[in-house]
Every structure is written in C-alpha cells, then in structure tokens.
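After this come two complexes, each holding chain A, first together with chain B and then together with chain C.
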Partner chain A sequence: MRAEPYVVLRTSGLTKLYPVGGSRRLVALSGVDIDLAEGETLALVGESGSGKSTFARCALRLVEPSDGDVLINGRSIRSLGALGLAELYGEVQMVFQDPNASLNPRMTVRQVVHEPLRLHLRMPFAKREKRAIELMEMVGLTPAHLDRYPHELSGGQRQRVGIARALAAEPNIVILDEPTASLDVSVRGQMLELLKRLQAELKLAYLFISHDLQVVRHMADRVAVMYLGGIVESGRTEDVFARPLHPYTRALLSAAPVARWGVKRQRLRLAGEIPSPIDPPDACRLVGRCPMQQPACTTRRPPLIDAGGGHAVACPVVLA
Partner chain B sequence: MSSPLLEIEGLSGSFRSPNGALTPVLHDVSFAVPRGTVTAIVGETGSGKSLTALSILGIQPPTFQRSAGRILFDGRDLLTLKPEEMRGIRGRRISIVFQDARAALNPVFTVGRQLADVHRLHHGGSASRAMKRTIEALRAVSIPEPERRARQYPHEFSGGMAQRAMIALAALVCEPELLILDEPTTGLDVTIQAAIMELIGDLVRERGLTACLITHDLGVVAETCDRVVVMNAGRVVETGTTEAIFTRPRQDYTRRLLAASQLGETPEMIEA
Partner chain C sequence: MTRAPLAWSMRIGLCILGAYVALALISLVWTPYDPLSPGVGDSFLPPSVEFPLGTDRLGSDVLSRLMAGTQYNLGIALVAVILALVIGSALGVVAGYYGGATDIAISRSVEIFQAFPGVLFAMLVVKAVGPGVLNIILVLSFIGIPDYARLARAEVQSRRNWPYAEAARMVGNRSWQVAFRHLLPNSMGPLLAFTSINAAFVSLVTASLGFLGLGLNPNTPEWGNMIARGQDGVMTGEWWVSFFPGLAILGMTGAFYLLGDALADLADPRRRR
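Our next item is the complex of A and B:
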C-alpha cells in the first residue's frame, strides 16, 4: 500500500466573479477544486472562455480570487501580503503562453534569468552568473545566449528562456499556460521533451494548461476538462481519453483533428456556441447545447460525481 | 482529364530590405491545383506558404520581388495581367478567406452591408436583391437568424461566426472558381474548427468549387483535402495525394513533420 501522494497545490471552491455593471456579474470561475500531487502533471483543458487561464492566475493570486482558498505546499496563500507572496513565488512559478509578450524586450537574457536569483535567492553576482550558465545548459541553450535580447532569439529559444526564468528560483510547482501554443509543431515536440526531462530531473509538479488535446495526452498524468468556468470531468489521462463520459468532453475529443490517414471520427455535435458567462442560470452548464439533455438538467447544476477509479463527471445522465 | 485550374511554375523571389539587400524567400515553387479538388499547402512558419497564396491574387507585400516564374490560372499567366484585368479576376474568379475574420471585416459597416456591397459589385442588381442574396448566403453557412445577424457589426460576431460570414462572402457571394483559405481555423477552438472545416468540405462538394487550403495543421489536412503540397523554407518539398503523403511520405522533411504532428501516437490510441 502506497502512502497518499503529497499534495503540493490544492484549490477549494476557487471562484472569480467580475462585476459588469449594475448587479450583473460575469462568472469566470466557479468553485473549482483541484489537487496537484508532487511530481505529477495535471492538465487543465478547455476552449476559450472556459476559465483555465483565470484559474492559473487566481491560483497564484496574480488575479485576486473572489472566493475559495489555495494551499501551496500545505500553506494557505489567501491572506499572504506582498512579502509573503514574494516568498511564495520561490515555490511556484509560471511559464506564460507568449514568450514575446512575457519577456521584457529591453532586458538581455542574462538580466531576465538573474532577476529571480537576485530577488528570491539573494545570490551575489558571481554565484548568479554560475547558476545562469547552468540554467542555460539545462534548457538547451548556451552561455552565449545570455548576452542576447529576446528579439534576437527564435520563438522556441524564447520559450526556453521563459522556462529558465521559471526554474531559476528552484520551485517545486510550475504552472505552464499554453507553453507550446505559439510554436511550430517541430519545435513543439522538442519543448515537450525538454519539459518532461526537467520534470524528471527536478521532481517538478506541473499544472499544464492547454487547449491542444494531443499535447495533453502526451504530457499529463491526469486531466481536468473545463467548460464555462467549472470542471465537468476529471480523471487519469488514459481513462478520460479512452472513456470520455461528459457530453462536452465527448464533443471536444471527437472534434480534435488527427494527423493520420483514414481515421474515421464519431463526432458528437453540440448545438450552438458557448453561452454568455454573465449571470448563468442554476442549471447544467451545457443546457441548450447537449444532445442528451433531460428536464432535470435545467433545475440545478450537477456536481462532480465519482465514476470510479478517480474518474469524476458532472453529469448524472451519462451515469444513469 | 482537363488541365489544372491553377498551375504555379518555378515561382522564385526575394524580400527587398530598405538598404536594397535581397533575401531569397521562394525558390522555384511549382505545383498544380486540379479542378474540383481541395489542395492543401502545408508548412511551418517561414515556409513561404502564405506568400505563395498571396502572390496568386497579386496581393503580396510590396517588398516582395519576383525573379522568375508563372502563375497560370485557367491557362492564363496572372503575372502578365494589367491591374484592371487582375481586378476582374480578384474576388470574382479567385477569392480568399483570411485567418482572422473579425480583422478582415470592416468594423464600421454591418456584416450584411459588406456582403451585399460585394454582391452588387460582382453581380450588379438592386440593393434589396443583393441583401436578399446575402441573407441566403449567411443561412447557407448555418448562421442562425441570418436576417438579424446581417444587421449586426463584426464585433457582435464570435470568431467562429465571423469566419462563417467570411466564407459566405468568399465562396457564395463572390461565386469564385478558386477559393483560397489562408489558415481559416487557426485561433478557433477545436469544436468550432471542426464545424468550419465541415462547412468548407460541403461547399466544395456541393458547388464544385476548387479550393486551396493554406495550413500548418496536418490534422485538418488528413480529413478534408484531396492533395497536399508540403513546403519548407521557400521550397516545395513534396506533393502528392493526401493518402500518399500520409502513408508513404518520400521526403525526410515530410516524415519529420508527420511525426511531430502525431506526437508519437499509435493508431490504436486514436481508435480507442
């Protein structure tokens, strides 16, 4: 019997509401609970507006959550002040989607990588430089790249700098927000291999945010599918891909194109488009789009129900 | 077998920088687009796929300088046409759908007005008839409530709806012989992408269109296209039927692109 894996990041009831005039509120995130264990990869998948990026930002308090709590390495970050948060960012770091936007164009790679070493680890220059060279080699760049500016690097190299910056402070949790979305497929593969290698070497836990189902399948141990601000299904990656339960998950998986000849897909189609997140009704999120809709679906929002083996789905209809 | 609708022969050219230096970007690009087929041009960033597509319509950036080649459309070399002759072809016989539909539509006119204007430009007739045809076109691309939607502005459309409207414009209002689609689903969610690609496939089949799909996504190609042109660094690497490209790639670059697109998935995993 193995011991319970150590949970490094746990959110409970994480919620983010934006006021949009009058008493109306946009529900960007409603009551999201996740557990991320030491050294594992949990993927959050979903389409635009599903709340996956809002979740990442709330989990780090880059955006202030409206409700709920986040425990990082067992400690609540809810009441941390600026200094406490600064310390926290030594334990959890983020790699952003677009390295063109997340690297300061006026800073050399050296300045980018030195900054967290200076701020979080208070290293003197000589030590920082030694560590910076190590980090460059760790992410597959060379010490010569330290003198470059972001515009002198390719997209893939820039993303490597983003990874080096995130790893500089030696976090045990890294949030990866669409780390390969802006890269060509040939570079994407190298980036994913790099992330896997670093995870194994440094025992990192990844919260991997992506809309690319192929990448998620390749990277994640567990998957949580988000739709309209909430999780509709979660489970081990192979279970969710082999036996998707929620109608939204089925629609999403069956829509993903496969780069292979002669693959016939059984499409499950949803009606219409994603509804407005402003003042949503107390009903299943998929009401009005779902081919399996029952009268009961419109009267209350189904919670996540255990379907066995760590697989959970927010749909009583498919389990009935 | 009739001659291909479009034939590009030996197209080469360079970008000219402000100091006069030339950077070669297209090297002897040649391929054909047979009538009634969907032909994909696939490549990564910098492969020259979009530049080639823009050159067909004569809307390449002004810094691009052609050094050699012909673009034969229905047997005529488009590169030798006068600007006014080209205007008679652009839109009317060859039209294009761009990647970001909301950016391609004019934000200060309603969607219906823009489509109707194009209809009158190409087909003449009264404004009311043009609007009637526009609403039919919007309905044909499955835009719900087309009468109401026609009175809305582009910012009131979602990305997927705007792309449907663009396809209505390019394929149904213009009624071209050749439809060029430049990354039509990049930036759209997969469920929306699947619906847009189905729409494109249906239009091509039902209306006997010839289409040229520019994309970096081999997944989209496998399901929708008849033929594939693989480009890399300004060169055509390989051309063939979709089946041949996916099952018997001859060139190492094609094999590597396929492997990278499949991320080590096995067929069993996909069928599961």
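Our next item is the complex of A and C:
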C-alpha cells in the first residue's frame, strides 16, 4: 500500500439549491464529493450548465452552498466568518474564465498585482514592487506591463495578469475556471504550457474546470465528469479516456472531434435534451436519454461505485 | 497619457463655468461699487459707461451685485451637489452591495423623500428652519440624495456579482472595500454625469427660493433676490434690473447641462486615448 497523498481540497456533499418561485428549487449541485491531492491536477469536465462554475464558487464560498462542507488544507471553511474567509483566500486562489470581466477596468496591472501582496502578505511597497516584477516575469510579461490598464492588453496578456494575481498570494491550490475558454486558439497552447510550468515550479494543486476534452487530456492527472450538478464518473485521466464507463461519459467522449483521417468512431448518442434541473426526481439523471436504461434506474439515484483502480462510476448497470 | 478631445459642447460648458468661477473669485477682492450699499447712483439708471448694467430701484450697481451674487449661486450649487453626491452614493453603494434588509430600509426611506416635489419640500423646510446659506445648502443637497442613491444602488447591484468583484474578494478585500474601492469607482460615470443635471437644478431652485423671498436676506445680492427686486421694473421699462441676473442664471444652468458627460469621461481610464 502506498501512503495516501495529502488532500488539500476536499468537498463532501456540496449542494447548492436555488429557490425558483413557490416551493420549487433548482438543483445546481447535488452532493458533490471531490478530493484534490497536493500538487495534482483534477479536471472537472461537463457541458455548460452542468454546475462546474457553481461548484468552484461554492467550494470557495463566493456563493454560499446550501449544504455540505469543504476542507481546505484540512480546515473546514463552513463556519468561517468574513475575516476567516479573507485569510483563507491566501491559500486557495482562482483564475477566472474571462480576464476581461475579472480585471477591474480602472486598475493598472500594478494595482491588480499589488493588492494581494498588500492584503494577504502585508508587504511594504518596495517589497511589493520587487515581487510584482518577479511575478510579471514568471507569467511571461515584462515590468513595463505594470503601468498598463487591462484595456491596453491583449486577451492572452490579460489572462497572464489574472494568473499573476492568483499566484501573488502564494496559494497551494488554484482553481482554474475555464482559463483558456475565452482565448484565441493560438494562445491557448502557450497558456496551458505556462500553467503546467508554474505548477511544477510552485507545487500547485489545480482544480481545472473545462468543457474541452482535448485540453483536459493534456492537463489533468485525474478527471471528474459532471452532469446536471453531480459527478457521474471519476478516475485517472488515462483510464477514463481509454475506458469510459458511464453512458454519459461515453457519449461526451464520442462527441469530441477526432483529429485523424479514416478513424471510424462509434458514436454513442443520448436521446433527447438535458432535463430540467428544477425539482428533479430521485432517479438517475440520465433516465429517458440512456440506451442502457433498466427499470431500477428510475427508483433511486445511483451513488458513485468503485470500479477498481480509483475509477468510480455512478451507474450500477455498466458494472453489472 | 493624453485624454480624448472633449466635445465642443463640453468645452463651451467648461469655459462658461470657468468664467463664473473667475467672476466669483474677482468679486471677493474687487467689485466696481459696493454691492451691498444702496444709492451709489440714482435709482433705475439704464446701462451706461458708468454703470455697465445699470442700477436698481435702490440705486445699487447691478454689475457689482451680479458679480458678488456669483459667490452665492455658484457656491451653493457646488457645495450642495458635492454633499448630495457623497452622501447619496454612499447610501446607494451600501444598499446595492449588501442587499436584503439594509437595501429595503435605505431604498424605502429614499423613495418616501422622493415622493415630495423637490421645490415644494425646499420651500417648506426653509420656511420652517429659517433662511441662511447653510440651511439652503443642506436642504438642496437633501433633495439630491435620493437620485444619487438610486443611481449608485443600481450600478453597484448590477456589478456586485461580476468576476472582478469576486476577484477582489479573493485577493483579500473585506466587503466594504469591495463595495467602495472596486465597485463604486466603476459606478462613478453615471453619478458624475448626473452631477451636472443636479447642479443645474440646484441653481434654479436657489434662484427660485430667492425670488420667492424664502432664500437669503433680501439685500443679499443673490440672483433670485435681484430678479425679485427688479420685477416691478419689467413692466415699466427698467428691464435691466431683472434681465441680467436672469441671464446669469440661464448661463450657469446651461453651462452645467453642457458639461454633461465631460466629468464622466475624465474619471474613466478607458475613455482616454
């Protein structure tokens, strides 16, 4: 037996419900359990609307979760007050999807990068300035960029500023919320390489949120597939991609384009549309869309079952 | 870094306002005659070289009184607008950012005060607490507060869940810092643009109170007072006593309107070139 790797971020039963008029509730997250180990990359994959971003925000209490708990570096964040949360954000940081919207348009890059140094690390100005220059170089920008406003930078440069801001606080966990989704294809590759290099240098644990399967395959050690607010399959990246078990994962993988001529793909198609997340029944969320559906699928929601080797799937049918 | 050229309307507005400021400053040290003393000339002298804008019923020099009046009308407008901007925005930011019961308490009280017509409210209050520069400033800023509060609230509320507000929390800002240091500066555009409209309104109400005899001491060379003093003359041909202060009010109100977006522009780095 190997020693258990140190878990830096663990969510247990993280749930988010939004009231939508009357007693009806929209289930954005239903009992999500995730373990993120020191220095690893865990990808959270799913379609838009599957609850990936809500998960990230609930795990940081940027949005208050309805139920469940989050342990960050072993400490529960559930009962933290405003001051405790502000301190917590020194340990876990986030890179946002759209650097356009996540940078204050009235702040220069210097102000953006100085802020976490001032508030989290309480550095005096001279030290902050020195560190800001180091951070600029770390993310592939130059000290001259410190005087620019966000609107004077390209999309890629803005995202580098977003990364520098996240790293300034010296966290050991970084949540990457679709960090390349709003970037041109030509700079995506560079950004991913930058993130990989920084992870190796700084021993960061990444929670990598994405809908792009190619990117996930390239970046992640482990993958968790999310569908309608719940995890349907998780495991090591190579296992999940080579041997997807859950019908939803299979459909998702077979829908991704293949960049090779003559490769025949077996496409698994799901019938119909994603069902409404408002007041869902206690059943598998794929009921009505799944080609492998059994009568038992409609009676209760299947939990994640270990399929061996850390590969888990929320479908008793494929394991039977 | 240079700024985008301002539109002509704004330049004209700024020039006129600059002229008023200059006039107010000059009048502090020099006016052609003593604006407060009657009988520096005969009564109702028409404009001439000696009295460029004529004299009023009491034989005071209209030009001297007009210059001295700039101090009152401009000063009251500027102070009242700044007070209303600061207090109203602060209330609006708190209501918009914290929401819930705080929002309801602030928004409802603001709406109650907005239900009164502003001019009527000002008249009532000044009548009750008595005239005086300070009272007029306070009541005029009070009338402006609801508008600023509503504007600031709407702006902040629409931005509070933006990623940069979340990012501001992540870098260690407390909630009041997010609200006042990150969201308020990004909401200043509409607020500053509104100050010009508000300043025009305040100048008009100041003059109206003076005209109705509710403002300052009747001998104070405030423009509304001056129009009131000259109103009998309008019918009998001595038009200049009321005309020139009226023109001064028109010019100042117009200048504030023309200023329009200029202030909003100056505060926004994205609008610089």
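The rule is simple: the second predicted complex is superposed on the first by the 316 of 320 C-alpha atoms of A that agree within 3 Å, B and C clash if a C-alpha of one lies under 4 Å from a C-alpha of the other, contacts with A are read in each partner's own complex, and residues count from 1 in each chain.
Rule of thumb we're sticking to: a residue touches a chain if its C-beta (ideal position, glycine included) is under 8 Å from a C-beta of that chain, and two chains touch if they have at least 3 such contacts.
None of the values given here were measured: they were computed from a predicted structure.
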Under the superposition described at the top, does placing chain B and chain C together on chain A give a clash or a fit?
fit
Mind checking the angle chain B, chain A, chain C on Cα centres after superposing, to the nearest 10 degrees?
80
Touching A:G140 in the superposition: chain B (first), chain C (second), both, neither?
neither
Chain B versus chain C as contact partner of A:A256, first or second or both or neither:
first
Mind working out whether A:Y89 is in touch with chain B, chain C, both or neither, as first, second, both or neither?
second
Please work out whether A:P316 is in contact with chain B alone, chain C alone, both, or neither, and reply first, second, both or neither.
neither
Quick one: minimum Cα-Cα distance, chain B versus chain C, in the superposed arrangement, integer Å.
12
So, in the complex, the side of chain C touching chain A is made of residues 162-164, 166-175, 182, 185-186, 268-270
Chain C contact footprint on chain A (complex, rising order):
57, 60, 62, 82-83, 85-87, 89-90, 93-94, 96-98, 101-106, 115-116, 119-120, 149, 151, 162, 165-166, 168-169
Contact footprint of chain A on chain B as seen in their complex
44-45, 144, 158, 160-161, 189-195, 197, 216-223, 242-243, 246-247, 256-265, 267, 269-272
Chain A residues touching chain B in their complex are 47-48, 155, 184-186, 188-189, 192, 211, 213-215, 217-218, 241-242, 251-252, 255-263, 265, 267, 269-270, 272-273
